[in-house]
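What follows is a group of structures, each given as C-alpha cells.
Shared between the two complexes below is subunit A, which has subunit B as its partner in the first and subunit C in the second.
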Partner chain A sequence: MKNAVEKFMNGLFFICGIVTIIAVLTISIYMIISGLPAIKEIGVWEFITGQVWKSTAADPQFGILPFILTSVYGTLGAVLIGVPVGLMTAVFLSKLSGPKLSAAVNTAVELLAGIPSVVYGLIGMIILVPTIMKTFGLKNGTGLLAAIIVLSIMILPSIISVSRMALNSVPPEYEEASYALGATKIETIFKVSIPAAKSGIAAGIVLGIGRAIGEAMAVMMVAGNVANMPSLFKSVTFLTTAISKEMSYAAGLQRQALYSIALILFFFIMLINIILNVILKRRAGR
Partner chain B sequence: MKKAISFITIAVIIFASLAGCGSSANAGTSTESATPPDPSALSGSISTNGSTSMEKVIASLIEAFTAENPGVTITYDATGSGSGITAASEGSADIGLSSRALKDSETGLDATVIALDGIAVIVNNANAVNDLTIEQIAGLFTGEIISWSEVGGADIPVALIGREAGSGTRDGFESIIGVADACIYDQELTSTGAVITAVTSNEYAIGYASLSAVSDKTKTLTVNGVMCTEDTVLNGTYAIQRPFIMVTNSGKEPSDAVKAFMEYALSSAATEIIANAGAVQAR
Partner chain C sequence: MNNRISAKRRAHSAILKGLIFLCSGITVVLLISLISYIFYRGLGNITWELLTTSRSALKNTIGILPNIIFTFYIILTTLVIVLPVGIGAAIYLNEYAENKRLVSVIEFAAETLTGIPSIIYGLVGYLFFCQRLKMGSSILAGSLTLVIMVLPTIVRTTQEALKTVPYSYREGAVGLGATKWYMIRTIILPSSLDGIVSGAILAIGRIVGESAALIFTAGTAYTLVTNYFDALGTSGGTLSVALYVYVSEHGEFNTGFAIAAILMMIVLFINYSTKLINKRLKKDR
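Now for the complex of A and B:
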C-alpha cells in the first residue's frame, strides 16, 4: 500500500515536470512554424536590418530594426537605472537597516512587485508623460525616456528580492574575517559581500532584464508606439508593443510578420539567458 | 542549468500571453448561432465579406440579429472593401461590405448604405483654433504645418495623435483627407479612448476619433466651417465621413435571411446598435 502511494506520487511529480517541458516545446515549435514564413518572404536581412516599418501601406515595408534597437536601448536604460538602485536597496535591507525599517521597506518592495503593469502604464501616462513634456519643453512627452523610467521601476522588485536573498546567504564568517582584518563595514560590503553574492545578484539582473524586454502593456501606454528609430524624446515602438498594437487588425503577411517579430523576441530572450549563463559559469570556474 | 530552465520558464510565460492575444484575435471574425429552437422561424446562412473598418458595426449587428433569429448563421470575413465588393459580384459572399462608395467600374451590384461614419477632428480645450479646412488638416498631419500659428492659433508646436496601422478610423481619416501613409505621428494609440485621453492632456495635440466617442473633454473642430454632428454627417455637409455599404449582386435574388438582415440593419431597432459601434445609421 505504502509502495503504491510512493509510486503514484512519483508518477504525479513526473507528469507535472513533463507539463512544463511540453509547454516550452509547443510554444517554441509554434513560434518557429508561424514565424518563419514571413521572414522567408521578406528576407532575413531586410527584416532584421530594415529601418522602415509600414505594414499597411500600399507598398508595405517590414523592417524591424527600430523595434530591436528600441527594445535593446530601453532594456539597457532600465538596467542602468534599476540595477544600482536595486542593488543598493538590497544591500541596505540585508546589511545596514534595523529590523523595523527593513520590514517596512520590504513590504513596499513586495507591494511594488504586486502592482499590475497596466497600473504602471496608467500612472506613467497620466503623471510621467506630462511631467517629461513640461520639464524638457517638448510638444509630446511619450518616448524612450518615459518607457525607461517606467521599466526601471518595474524591474526593481525582482532585482531587490533576489539580490537580497543572495546577500543574506553570504556566510557570516567571510564578513567577520574581513572585519578582523580591519576593514570597515562599507569596505566589507563592496569587497566581500557583493563579490560573494555576485551569481545571485546576476540572476536578479537577468530576471529584471527578462521582465523589461517582455513588458508590453505599461510600455505601450507611455512609449507613443510610432515606428521611429530610438530616441529619448521621440515616440518609439518596442518589439512587444509592435506585436500587440497591430495584432487585432492584422491580416495576411502583416499578421505573419508579427509572428516573426515574436520569434525574434523569443530568440532575444534565449540569447540573453545563454550569455549570462556562460558569464556566470566562467566566473564560477575561476 | 537551473537558471537556464527558470529563464526559459519566464520566456514561456511571456510568450504564452502573446500566443493568447493571437488566438483571440483569430476567433473574433465569425459569429455562429445555435440550432433553431423554432423550425418555423427564419433560417439559413449569410456570408459577409469585406471592410475591416465595418467590423464593429457588422459584428454588433450580427450579434443582435442572430439573438433574435437563432436559425440564421452569419459569417464575416474581414478582408477589405475591394475584396468584399469582388466577393459580392463573383457570388462567393451574399453581402459584400464596403466602407467606400462603389466606383463606376463596379457594375451589376446593388449598394445599400446602412450607416455613415463621421470622424471628428479634436484638439485640446485650451487650443484657440476652432476651424480647419481639409487642406490645413492635411498640412498638419503630413508635418508641413509645424506651428498652430499657421492656422490661426498660438505660436506653439503641433503634436499629432493618431491610431495604429490597420485601424479603420485611421484608414478612413487618412483616405478622406488624402494623406494615406504620409502622416508623421507623434503618438500612435490603439483605441479611441486613448486618443481622447492623450489630446485631453496635451495642449499641443490634434487627433481624430469616431463621432460617437467625442465629448466635452476635448474640443471638436469644425471642418470647412461645418460642425461634426449626426445631422451634418447625415445630410452630407460634414466632409470627413464615409459610407458603410452592403453590396449585393443585382443579378441574384437575395435569400429571405439576407433580406431580413439588411432590413434589420436599416430598422429603428438597429439605430442604437450602430451608434454604439461608432457610426450613424443611414435613414
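Now for the complex of A and C:
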C-alpha cells in the first residue's frame, strides 16, 4: 500500500515535470501547422519580401516585409535608447550608490517591470503622441518613434536587473587590482568591471530584445497600425500588431496569413531564446 | 594622490560619472512621474458607480464591476490549476529527478516558455483551447492559457524555495523511517511555503497585467455573471483588457485612467507584499 502511494506520487510529479516540455512542443507544432498553409499558398519569397499588405482588397496582397522591418527597426531603436540608460543605471546600483539608495532605485525598477503594457500604451497615447505631434509639427504623432520610446522604457527593467547582477558578480580582486594600478573608480568601472561583466550584460540586452519584439498591446496603442514601410514619423505596423489588429475579423486565407506572421515572429523569438541560452551557458561554464 | 591624476582623466571621469547619475535619475524620475500622472488622472475618476455597476448602453453609463469579477475569477482559476502543477514540477526537478539530461531539458523548456510573447500564447490558446477543445471564448480558456504562461514563474520560485530547505531535514526524516512522499508533504512543503506564496503573488501580478493573451481566449465581454461556474463558460474581459477596449475602441480616456490607477494600486500592493515575504524569508534563515 505504502509502496503504491509512493509510486503513484512519483509518477504524478513526473507528469507535472514534463508539462513544460509538452507545452513547448504543442506551441511549436501548432505554430508550424497553422502557419505553413498560407506561406505555401502565397509563396515564401513573396510573403517575406513582399512590400504590400492588402489583406482585404479584392485582389489581396500578403507581403510582410513592412512588418518585419518595422519590428527590427523598432527593436533596434528601443535597444539604442534603453541599453545606455539601463546599463548606466545598473552601474549606479551596483558600484556607486549606498545600500539604502540602491534599494529605493531597485524598487523603482521592479515597479517599472510590473506596470501592465496597456498602461504604458495609455500613457503613450495621452502624453507621448501629442508631444511628438507638436514637437515635429506633424498631423499625427502615432508611428515608429512613439513605439520606440515606449518600448525603450518597457525593456529598461530587464536590462537593468540582469546587468546589475552581472556587475555584482565581478570578482572584487579585479577591481582592487585596477585601483592598485592607479585607476580611478570610474576608470575601473568602464575598463574593468563592464568588460568583465559583458556576457551578463549581453544576456540582459538579448532579454530586452525579446521583450521588445514580442510586445503587442502597448505598441498597438501608439504605432498607428498602417502597413507602411518603417519610417520614424509614419504610422507603422509591427509583426505583433499585424496579428492582433486583424484577428477579430479575419477569415480564410487572410486568417491563415496571420498565423504565418505569428510563425515568423515565433521563429525570431526562438532564435533569441537560443542566443540567450548560449550566452548563459557560456557564462555558467566559465 | 588625486593631484597626480591628470586634468584630462579627471574630466573624463567626471563626465562619465555625470552620465551615470543622469541615467539613474531618468529611471527614477520616469517611474515617479508615470505613477503620479496615472493617479492624478485616474483617482478622481474612480467613482462608486464605476466600481459597482456594469456598462449600460441604454443608460449610457460605464461600470467595471463585471471586469473586476472576471479578473478575480481568472486569477482564481489560473492559480488553482497552476499551483499544483508548478509545485509538482518543482518537486520533481528538486527531489525526484535523477536523469540530469531530462532536468536540463525541462529547465530549457521552462526558459523557452518565459521567452514566448503573450500574443503567441493568445493565438495558440485560441487555436487549442477555444477551437480544438471547443471551449469557445471563455474564462476557462483564458485561464488555461495563462496557466502555461505563468507556469515557469511558479516552477522557478518553488524550486528556489525548495533549495533553501536544509539537506539535514531530509536526512532526518528519512532516517526516522519516513517515506519520500511523507517527508515532502510534512517537512519540505511547509518549510518552503513562503517561497511558494511569493511565486503565487508574482503570478497574480502577471495575470492582472495581461491583455494580449486574453483578448483572443477570454474575450472582451462585459456582461455581469456572478456565479463562478457560469462565468467559466462565458466570455469576459479582465481589467487590463477593459482598459484597452475603453481607450482604443470607445475613446473613454477617463475610464481608462481610472482602471490604470486601480491596476497601479494592485501593482504597488503586489510589490510591497513580495518585499515583505522576502524579508521574512531572510529573517528565518
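Everything that follows uses one rule, which is that the second predicted complex is superposed on the first by the 254 of 286 C-alpha atoms of A that agree within 3 Å, B and C clash if a C-alpha of one lies under 4 Å from a C-alpha of the other, contacts with A are read in each partner's own complex, and residues count from 1 in each chain.
Keep in mind that, in the parts below, a contact is a pair of C-beta atoms (placed from the backbone, for glycine too) under 8 Å apart; a residue touches a chain by one contact, two chains touch by 3 or more.
It should be emphasised that the depicted structure is a prediction, and the values quoted were computed from it without experimental measurement.
Once chain A of one complex is fitted onto chain A of the other, the partner contacts of A:19 are limited to subunit C, with no touch recorded for subunit B.
When both complexes are overlaid on chain A, the residue A:273 reaches subunit B and subunit C alike.
In the superposition on chain A, contact is made by A:244 with both subunit B and subunit C. Considering which of subunit B and subunit C touches more of subunit A, the answer is C.
Of the two partner chains, neither subunit B nor subunit C is touched by A:43.
When the shared chain is aligned, no partner comes close enough to touch A:195: not subunit B, not subunit C.
When both complexes are overlaid on chain A, the residue A:259 reaches subunit B and subunit C alike.
When the two complexes are overlaid on their common chain A, residue A:89 makes contact with subunit C while staying clear of subunit B. In the superposed pair of complexes, A:30 makes contact with subunit B and with subunit C alike. Shared interface residues of subunit A (contacting subunit B in one complex, subunit C in the other): 20, 23-24, 27, 30-31, 125-126, 210, 214, 220-221, 240, 243-244, 247, 259, 262, 266, 269-270, 272-273, 276-277. Across the interface of their complex, subunit A is touched by residues 1, 3-4, 7-12, 14-16, 18-19, 21-22, 25, 52, 78-79, 156-159, 164-168, 171, 180-181, 185-190, 194, 197, 201-202, 204-205 of subunit B. Within the complex formed with subunit A, the residues of subunit C that make contact are 4-5, 9-10, 12-13, 16-17, 19-24, 26-28, 30-32, 34-35, 37-38, 41, 84-89, 91-93, 95-97, 102, 105-106, 108-113, 115-124, 127-128, 148, 151-152, 155, 179-181, 184, 205, 208-212, 215-216, 240-241, 243-244, 247-248, 253, 256-257, 260, 263-264, 267-268, 270-271, 275.
Within the complex, the subunit A residues that touch subunit B are 20, 23-24, 27, 30-31, 54-58, 125-126, 129-130, 133, 139-142, 203, 206-207, 210-211, 214, 220-221, 224-226, 235, 240, 243-251, 254, 258-259, 262, 266, 269-270, 272-274, 276-277, 280. The residues of subunit A lying in touch with subunit C in their complex are 2, 5-6, 9-10, 12-21, 23-24, 26-27, 30-31, 34, 84-89, 91-93, 96-97, 104-105, 107-112, 114-119, 121-123, 125-127, 153, 156, 160, 182, 184-187, 189-190, 210, 213-217, 220-221, 240, 243-244, 247, 259, 262, 265-266, 269-270, 272-273, 276-277.
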